[in-house]
Amino acid sequence: MKLIVAYIQPERLNAVKQSLYENEVYRLSVMNALGCGQQKGYHESYRGSDIEVNLLKKVRIEVAVNDEFVDGAVDAIIKGARTGKIGDGKIFISDLTECIRIRTGEKGKDAIGS
Amino acid sequence: MKLIVAYIQPERLNAVKQSLYENEVYRLSVMNALGCGQQKGYHESYRGSDIEVNLLKKVRIEVAVNDEFVDGAVDAIIKGARTGKIGDGKIFISDLTECIRIRTGEKGKDAIGS
Amino acid sequence: MKLIVAYIQPERLNAVKQSLYENEVYRLSVMNALGCGQQKGYHESYRGSDIEVNLLKKVRIEVAVNDEFVDGAVDAIIKGARTGKIGDGKIFISDLTECIRIRTGEKGKDAIGS
Amino acid sequence: MSKSVLSTVLLLCVFAMFGLPVAGLAGEVAEQSGADAMFWASNTWMLVATFLVFLMHLGFASLEAGMTRAKNTVNILFKNTAIISIGILTYALVGFNLMYPEEFTIGLFFGFGGFGIGELYDNVYIDDGIQAYTYWTDFIFQAMFAATAATIVSGAVAERIKLHSFLIVTTLYVAFVYPWLGSWQWGGGWLDDRGFYDFAGSTLVHSVGGWAALAGVILLGPRLGKYVNGSIKPIMGHNMPLATIGVFLLWLGWFGFNGGSVLSADPEMVSFVFVTTAIAASAGVMGAMILSWIIQKKPDLTMALNGALAGLVGITAGADVVSVTSAVIIGFIAGLIVVVSVIGLDRAKLDDPVGAISVHLICGIWGTLAVGIFSSEFSFATQLIGVVAYGVVAFAAALLIFGLVKATIGLRVSEAEELVGLDIGEHGMEAYSGFEIYTTQ
Amino acid sequence: MSKSVLSTVLLLCVFAMFGLPVAGLAGEVAEQSGADAMFWASNTWMLVATFLVFLMHLGFASLEAGMTRAKNTVNILFKNTAIISIGILTYALVGFNLMYPEEFTIGLFFGFGGFGIGELYDNVYIDDGIQAYTYWTDFIFQAMFAATAATIVSGAVAERIKLHSFLIVTTLYVAFVYPWLGSWQWGGGWLDDRGFYDFAGSTLVHSVGGWAALAGVILLGPRLGKYVNGSIKPIMGHNMPLATIGVFLLWLGWFGFNGGSVLSADPEMVSFVFVTTAIAASAGVMGAMILSWIIQKKPDLTMALNGALAGLVGITAGADVVSVTSAVIIGFIAGLIVVVSVIGLDRAKLDDPVGAISVHLICGIWGTLAVGIFSSEFSFATQLIGVVAYGVVAFAAALLIFGLVKATIGLRVSEAEELVGLDIGEHGMEAYSGFEIYTTQ
Amino acid sequence: MSKSVLSTVLLLCVFAMFGLPVAGLAGEVAEQSGADAMFWASNTWMLVATFLVFLMHLGFASLEAGMTRAKNTVNILFKNTAIISIGILTYALVGFNLMYPEEFTIGLFFGFGGFGIGELYDNVYIDDGIQAYTYWTDFIFQAMFAATAATIVSGAVAERIKLHSFLIVTTLYVAFVYPWLGSWQWGGGWLDDRGFYDFAGSTLVHSVGGWAALAGVILLGPRLGKYVNGSIKPIMGHNMPLATIGVFLLWLGWFGFNGGSVLSADPEMVSFVFVTTAIAASAGVMGAMILSWIIQKKPDLTMALNGALAGLVGITAGADVVSVTSAVIIGFIAGLIVVVSVIGLDRAKLDDPVGAISVHLICGIWGTLAVGIFSSEFSFATQLIGVVAYGVVAFAAALLIFGLVKATIGLRVSEAEELVGLDIGEHGMEAYSGFEIYTTQ
């Protein structure tokens, strides 16, 4: 089991959800985040003083999948999130040692859902 | 050391905190999240148009524990979060390679707190 | 590749960003979180009733780095976040198995950025 | 009017040329004109008072929304928008003629002047030396009052009552109970006859609303999670600026509520009422602020805000008959009362999210009795009779209506809906779309 | 007037010294005084109406901000702050004398009284038995109206129009188009001549603004993500309390908008107008609430709020000439219309975030025609002629202005800016600094 | 009053029957009646102005809350609720009789008419041909003004001052300093004697408040994190809709602030004052908008909002004596000044979160001097003397009070409290319970 964490542009969320869905990944979790990467920030100005904003709004997606679904999920995320512009985002993958469905107590492959 | 991540129904947070506490797990972190799982969403309607909402409000809990506390912590979370209804949530467990308390610089077992 | 997750006091964020930057770590992600640790909470009071608030506002930082940058990043975080007072926060480190830059499809060391 | 003045002038000039003794005539016409102008000023003031009372509905909406959770905000705003509309329409249909029946049919206890109001604007002027406004002004000023009683209930039953149940209860209460009870005093009924005094409605509006709030709270029970294992878990309001806007707008509106209850622009009376109203509100803030600072260690904004309203409700019954010093005392005590009452009701597990019962019922009673204490013109005993009479009937009527609705279509939303919030449950909509909000409670 | 009063007094004194029969004198002075006092009351009322209409601009700002996304809020607030300022200044410079030209130069179709207004306050009193206020009151009351037409456009084109393009369009429309078109009726032009009736501006203000809104919406196109693959994706407003505050303030302001359009404090007329205004708004809420409850299954707050405005726009043309029952019907139908229109425009892919076209244009037309239906004094045909005439010219003028700006500096912000929000794009600033807000749309 | 009219009529009828020569009498009574009616209209207007000024307190509360961080919102709302209450009460106790002492005891420099105000409403009418209202109207109108001076301070010292320290400073300033200084001019003191002119308080209210704001800002120091290593780190306000609501309400209230300062409903003067007030505010918006667009590249909403207030403060001293064109110039320049001043004070490391010093002090000075420039009736030199005199004494008094409090109980909250926010520190409460808010600053 793997945990896929992706940071994407907020407005790509719907597309990512859609393309994950088409790859039979139906479960995901979403959080708001601020991120600082290659993408340069912008300047705000308030009452005559300048502010450089370099923590940009991102959406953080977490998808836990069984190993056989990893590639499909990653491709789906890339498909949905990519525009070719700097700031498109990044995907991180790590190992999951266990997964438990709270309602049923199911574990592992069955619990994860896809 | 393990990192336990759980997605639960927001209103179960207090119960989960309480039952973790009873299992001597005193440290945790909490975040807002939106989640999409088996639980079906609901329909909102705005000015005559329909909106299907399938990203539901969830709470994401992170608990880092030493290995011997894992089972206790997982049981505690299940006890606090379970209602038997779809949407009760899910628990993910992964390995932690290190943990450091910023104030003291302590590492590993001592730093994690439980 | 490692994933460093740190919970720090919100007002230390700028200092942490600054000191990471000085250690050539330019990429990070930030989230709001509530945390419960050694630091004791405070009491609010609303319309004559008491509320104990023990989930305190924290900032959660995620920094993914190549192995050789781990120590530098951890030190930088500690340098920026430490005040010596309870509540300074904690750092968790885990393994990353893969990292992908969405725009280019680059993987691994190159993708992570530092 | 102006034109007739002009022609009279011309006429007078003609008379004058013929040397006729037009003195009396000229004098009378001129007086006429002076009195008419006074009437214009009075009517204008009454319309100003009308829109101020209208604005109180925004005040209530804001206060209630601010003092409850974000997930029930749309529901509260909807209720308040509906109430003012229903209030005005039902008052036109039945309320006005139930409250001011001209003639009572059952003793001085009940009367009904027929359905509907007039149609076109050439209707009677009302000017008996005390009241000075048109029929239409009379109607619309009173109509704005009517909806207030219903709005008071709204806050107390917030966050758990079914929308359609609430609308039914409200419509019945505002269409029939409020005006009928109002007729006892302002309609010239039996309490007026006995010398009961309630200048602008500490009892007639606020307590009458407050009794219904109490009935609703009892029959609905507390919000989920409010009283857990015997301890009180405060459920914090989600928007303090909104609550504060609400209270300032209510205070503003009260200048019309009390100031308009003079029923003319009589300079001394209206201005005196402004002074007592402002002073009592200020003293109410002080009372609540000090007591909450002592009890809670830190000064509670919501208590200070409730204190202002407490002072305002307290002075409402006697704003024109008590002295300035009395206004300070009445307001200050109301401020103390509201803090004790809010905490006390919570101990009694009566869950009133906005403090409507404390502010409107308890301080309404206090204000009504205070007239008997601070004004030598009025008897404490009579004031007490009035308070009790209104209490018994209003509470019984409210219990009946709430009870019937509970027995038939039910009062309370499901537990699941309460948890997710009435905004999604009743309206399929969120108040703060896009904002990240914790919904752990 | 005042001066002539003075001279009459002096004249009379002279007469008196010569022992002339001063009966008439005393009478006249006194009458004078009575009439003067009436004038004072009237002028006071008109100034109250003025500040109420001023407050409508806060109403519009709040409503628009509440009904759009958090990321465009600063932009909306900025536009509304600028519009009222530009409106008042241009109205002083050209608008007032374009709308009330005293003499027309081209038929009864166009006239211009010259630039600027008076300088110091000893200016003429206006008192023709109907209007009763000073020159300054006249100006400032009308100036507050003027900016309203521009504000209506603001809501419809929100979330995608370039700030400077909007300001240019607005300035031209409010400085030239609105007052010129207004002169046809209120300035005594050809439509007034024909017996067209528009009491307070269902057509002159609301439809004229609404036509420009429609032109803007057509030339701008819908917001990104609103219509995707043929289906409608609602873009929810971010702050319902703010939207509700907006609507209540607009309703409040309408008491001045309609009540002030009596142009004096005439007690019967002003109070009657208050009643029809309040009744129509309430009926509008009911109409929209019921229909949206039926269509959408759950009652939609934004529809109920639009319903109140629909009722208000609907009654504006005939608030003083229709009966109370007619006011109920006009308001209720307006409430139904607005729901159908909002949904219909969405189907037609005309993206109007706040419903400005439905409320101001469609209900403005309905209200104007309703005068011909519900009042026997006015002809439906004439009302229709007025509606069509205003429609053709206002829409053409708006298309022209919007078109020219689009062709030159462009109307619409870049896609990237629209995604990140106009607050950052146009102002480099956020409305809710510190709040965590989802910007996934 | 009405009754006596009636009886006179009856009397006249009786006289008429006996053929007595009642011409003079009738005339006099009638005139009386006309003048009385004017008095009614005037008093009504003054009470309207009173509630408008009251509403300014909500305006200040909203503006300040909106321009600061979410974590200090409860504190700001609490302060503003307390100030208006304390202001009214202390003004009744000492302020009113200190400001209008009837007789001065030390030169024309200090006088005190004794504690408290009247008790019951049969008090003197005030009508000297210029002022026309009752004693009570006089008091309550002035009382609403008094609290304004204190509220100005509140914004400047926000986000770091201890609650009880602030309340003590405020109480002393509003109870003693403001009314004493006011007596120099409005109370008929030495500056009035010299021909200094300040119509509605550019200096007497706004600068007096502004000087205290400056003193507070100097003694408190800047907020943590505002000036870091010599560079300015803007701390953004958390709620722009709230700030905008605040400014519109202040603008609205100013129609009462300036319009009520006519002290009667004199139609020409009040309406003229409305015009100059509205025009100057509009021009202020334009000035600030244009200059901030040039300097900051993008137009800053908070600057435009401050511009409106700058124009309003600027016109306050001469609203009734300058021409319309002068009003445009005064307002526009005020709009420029405020932008320069806000940026300049920041450079000088004087941290004023809401721009109170720039708006009220700097533009108050500008407005007062402008009277000497734009009105030939008044001397620039005298205006300057007034400005300096008020500046020296107000600033000294404020430094003294702030200094004493600082030396004894301290002014500033602890660093930890400032970081976590005063809402939790001083009140144990949050303004936006449930909302997720970044508190990284």
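Labels for the chains are A, B, C, D, E and F, by order of writing; each one numbers its residues from 1.
Rule of thumb we're sticking to: a contact is a pair of C-beta atoms (placed from the backbone, for glycine too) under 8 Å apart; a residue touches a chain by one contact, two chains touch by 3 or more.
No experiment lies behind these values; they were computed from the predicted model shown.
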Steps in the shortest chain-to-chain touch route ending at subunit E and beginning at subunit A: 1
Result of counting contacting C-beta pairs for B-D and C-D, higher pair: C-D
Subunit D-subunit E separation of Cα centroids, rounded to whole Å: 30
Between subunit F and subunit C, distance of the C-alpha-averaged centres to the nearest whole Å: 47
Gap in Å, rounded to a whole number, between the CA centres of subunit E and subunit C: 53
Where subunit A touches two or more other chains at once, by residue number: 31-32, 44-46, 94-95
Residue numbers of subunit E (touch at least two other chains): 23, 26-27, 29-31, 33-38, 40-41, 44, 48, 236, 239, 245, 296-298, 300, 302, 428-430, 432, 435-439, 441
Those chain pairs that satisfy the touch definition: A-B, A-C, A-E, A-F, B-C, B-D, B-E, C-D, C-F, D-E, D-F, E-F
Contact set on subunit B toward subunit C in their complex: 3, 17, 26-32, 64, 94-103, 105, 111, 113
Residue ranges of subunit C in contact with subunit B within the complex: 2, 6-8, 31-38, 55, 58, 60, 74, 77-78, 81-95
Residues on subunit F engaged by subunit A in the complex (per definition of touch): 232-234, 236, 292, 295-298, 300, 302-303, 339, 342-343, 346, 355, 436
Contacting residues of subunit A [partner subunit F, same complex]: 32, 44-51
Residue numbers on subunit F that touch subunit D, as the complex places them: 1-3, 5-6, 8-9, 12-13, 15-16, 21-23, 25-27, 29-41, 43-44, 47-48, 50-51, 54-55, 57-58, 61-62, 65-66, 73-74, 77-78, 80-82, 84-86, 88-89, 92, 116-123, 125, 133-137, 139-140, 143, 163, 239, 242, 245, 426-436
